[in-house]
Amino acid sequence: MSRNTAILLVTCPDQRGLVAAVAEFLYRHGANILHADQHVDIAAGLFFMRVEWSLAGFDMSAADFATAFAPLAEKHALHWRLEESDRRQRVAIFASRYDHCLADLLYRHRAGELYCDIPLVISNHEDTRQLVEFYDVPFHLIEVSPEGKTEAEAAQLALLEQNGVDLIVLARYMQILGPRFVARYPARIINIHHSFLPAFLGARPYHRAFERGVKIIGATSHYVTDTLDEGPIIEQDVIRVSHRDQVENLIQKGRDVEKMVLSRAVRWHLEHRILAYGNKTVVFD
Amino acid sequence: MSRNTAILLVTCPDQRGLVAAVAEFLYRHGANILHADQHVDIAAGLFFMRVEWSLAGFDMSAADFATAFAPLAEKHALHWRLEESDRRQRVAIFASRYDHCLADLLYRHRAGELYCDIPLVISNHEDTRQLVEFYDVPFHLIEVSPEGKTEAEAAQLALLEQNGVDLIVLARYMQILGPRFVARYPARIINIHHSFLPAFLGARPYHRAFERGVKIIGATSHYVTDTLDEGPIIEQDVIRVSHRDQVENLIQKGRDVEKMVLSRAVRWHLEHRILAYGNKTVVFD
Amino acid sequence: MSRNTAILLVTCPDQRGLVAAVAEFLYRHGANILHADQHVDIAAGLFFMRVEWSLAGFDMSAADFATAFAPLAEKHALHWRLEESDRRQRVAIFASRYDHCLADLLYRHRAGELYCDIPLVISNHEDTRQLVEFYDVPFHLIEVSPEGKTEAEAAQLALLEQNGVDLIVLARYMQILGPRFVARYPARIINIHHSFLPAFLGARPYHRAFERGVKIIGATSHYVTDTLDEGPIIEQDVIRVSHRDQVENLIQKGRDVEKMVLSRAVRWHLEHRILAYGNKTVVFD
Amino acid sequence: MSRNTAILLVTCPDQRGLVAAVAEFLYRHGANILHADQHVDIAAGLFFMRVEWSLAGFDMSAADFATAFAPLAEKHALHWRLEESDRRQRVAIFASRYDHCLADLLYRHRAGELYCDIPLVISNHEDTRQLVEFYDVPFHLIEVSPEGKTEAEAAQLALLEQNGVDLIVLARYMQILGPRFVARYPARIINIHHSFLPAFLGARPYHRAFERGVKIIGATSHYVTDTLDEGPIIEQDVIRVSHRDQVENLIQKGRDVEKMVLSRAVRWHLEHRILAYGNKTVVFD
């Protein structure tokens, strides 16, 4: 995959001529479009577009782009952002005791599957320090108690600021983030929930799946919003179980699904493929 | 598949020596066991077994079996039943306006996938009469209005009695059966729900799935109990959807899943593979 | 889905400005683009595009389009075609003795899942006549013997001409079509092969899958070319099997996959989503 | 999962009374059967059984079992083995440069998913030493050149002997083992092949899958025999791809499937669930 590309993401009221206007603008500035995809949510009257082009031959810097693009953006009421695919985003992983998602993300990062920097892991338990440090990532222990939650979040936010973090990944982090924390990173906190939402919202989904006698279990990655487990779903996947599976088998099978579903969400976010709106996502492929 | 076999299904408190006792009994009477499978629900302390044997060389009739097996059954507190695989069960299909599950079952029946007789289809709408009659199955229209539900169910039950029905399949029958109806056919009414339960219990699941922005939809077949959509789950399956799918696409994709999931449940029931207990099932493969 | 739309499909050497040129052309003529998708095969240096727009407000007929679009097409060496989504294509189904794919397609057609006309079914066996006629489709028996194959194909081609057929679907038609027949309908004959190609090319794939002891079986829909089972793959899907499955179970499970995989290919073809090139396809979603 | 259990695996010519004979024997010696499963390969005339029972109350040691069971085994021509589930098998992993399967197995082992000891990793490259040592597993570099293959295998075999290895896992080990090596560990060497066999036997399956334009890729774990990629298949799984996926995307998506498929095979082998015969397996669930 070439890294010398720019990606433009657009959300706006649906209207005639949007593709032409954007494509023509890009062409005029020497862009060679590699991928262009768009989507219309008819009920919501919204248009979404993702265009990726080669920067070889493109006649503007990112800074100039904003100025040059402004008239077009204003005319069509575009909500837009420009991303450069060679910029490594900075990702903080929040972990707790369960380390399967954490280990999976760290391995994938080292294997080159996730194009980003991971300047820190924050955990409320010591357990995963050795693993994190094996991957040469700084490990920060911030304990979270019910009465000390506000200070803990303040400490976390300070670390995130210092490290210029773009994206927070909750890798089975078992704490609920406060509304002020969430508001600081809109559509930039990804959580993994260990059920196929909206089934088994809340705590202990595998136990409840076992009690209900389901034949399929799943996992859901989503952006975190103020309402628990209700944020825009990015990805879901499932695995088959049977009457032979005890709760511990569900938990073990589920781990594999959780890892896949979380890592896909993170990769797509890093590739600027996701547009969140309301409690939904558009995921461009 | 040989049809000259008998199947013994057993549920009882878990205890030592059950497999030996049953296997020894069968061997003594000349049974050649083709399949034997068992399961223990540790939490519930229950033992489940399915044994299938060739009747060639078996020295008893089904009637004699009950007498001969009684002492063993009593000693171990077995809850059991004996089925002969060459007996065609009698299946009634209940339908309404949506005909995809109905058409699928009728086609599979004629293609030999479902070993049973279908003496009748009962519907509350005329729409599917032609289809049903093409497959040479008698079609009965019984309209169901809110105030006439009791009489309608009485008429349905009378037809079921007359036709010696063993199993009722609700093929997207859009009515809720009353408790007295349900009580007459315990673990013998199979419904298809158009979501992966317990997600989207109740009405209009595809619409709600669309609104929630899920990335996977599913269907669930289950035995009908008094509590709506809460009966023991027999089978579930899913299909992937994306932001491109409108409600009508979900409905169309879902139809394929519904057909598969319902037909599997019916086939397994006809093959005496399912033991229901509490709100769960054991499905022997 | 609105039917008042036009779809432009383009294949050409990859080059700068293609999206802009096409989008600008369409915008200038009043097109409101509903979907636009493109793909670049980097190794082959080829660009593929599918654009769909609302005809409400579009200022040209299909006939005028060709003239107006010609200069642009010539300049960029576009290979293109224009389709109108409200035109019902005319589909001939070829069948033999196995009727599951045929029954599935006829049912889906009547249920509105396949937007097309089916003016005829051609079979080399009488067996499916009743089924076909139930769906009010003319049934033509053309027997095919090894020595009479040339005449049989001539008769088939005559019927296809008379009926203005756009697409031929081989619904488990067990004959191999001759090269002259195939040449008449390039990328317009869809076959279903009952294995996940390239595994088990050729005859009796389920038997060979059973002998090999595979844990997954599948089916493949593809365009027919001169080389048996080597045409561009449109869709594949699979289903899990186990040591318990005998050949007849593979065949039964496989039927469900075949039906799904063939019907998806037909639907995507009818929706003008497929571009075939070499032995590959681009399937726009 | 209780570890105080014994597992008896039986293969023999199919005959009447086998289940009864074995179950009765076990019951007589105080076994409480937890799982019993059997299978008949009708075409081959073979019977397979797996029985697991609690050792609490069982009146014999493993050594005594052989003596006591001998008459029964002889009478029915049983090929059998007894395993104790609390015995940790000793597993050697062979690796090369690709480390995803290796890292996955080491992680799962530490996480408690694989009940075994891993006394050594043997690799023909230094690359994975650090990873292996992080998991406290001794790493042995044995370089393999075309002319030095015999000595390399001798060195490998010596290490395996010294370490009392029960099972060898080829975790994307890119060398072909010689027939004498293979003969020393019949049905005790598990390989992962990066295609859904028998498709793309041999080298570079992802490249060939890309060239063929398939819509699904897969992976296969199997026991190693003398014939390359032809050993008994243990497990297969697949993942969907599209025209958008380049070879490197197939490779990346494939890695996830390889990891899952290999780790399942290893776990099932460790749980004594697999019986290999001819080029097939029975996998008891």
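Order of writing sets the chain letters: A, B, C and D. Residues in each chain are counted from 1.
Just so it is clear, contacts are C-beta pairs under 8 Å (C-beta built on N, C-alpha and C of every residue); 3 or more make two chains touch, one makes a residue touch a chain.
The chain lineup, named per UniProt: A, B, C, D = Formyltetrahydrofolate deformylase.
In this text, all values refer to a predicted model and were calculated from it rather than measured experimentally.
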* Chain located farthest away, centre of chain C as origin (C-alpha) -> D
* Rotation in the CA alignment of chain A with chain D, degrees, nearest 5 -> 180
* Asked: Across the interfaces C-D and B-C, which one involves more C-beta pairs in contact?
  -> C-D
* Structure fact -> Rounded to the nearest Å, the gap separating the Cα centres of chain B and chain C is 37
* In whole angstrom, what separates the CA-based centres of chain C and chain D? -> 42
* Specify, in ascending order, the residues of chain C that touch 2 or more different other chains. => 39, 242, 244, 246, 285
* To do: Treating touching as the only link between chains, describe the layout with one word: line, ring, star, complete or other.
  => complete
* Name, in rising order, each residue of chain D that touches chain C in their complex. => 39, 41-42, 196-200, 212-216, 218, 232-238, 242-244, 246, 278-283, 285
* **Residue numbers on chain B that touch chain D, as the complex places them** => 16-21, 23-24, 26-28, 30-40, 57, 285
* Across the complex, what residues on chain D touch chain A? -> 1, 99-100, 103, 107, 111, 113, 134, 242, 244, 246, 248, 252, 256, 260, 285
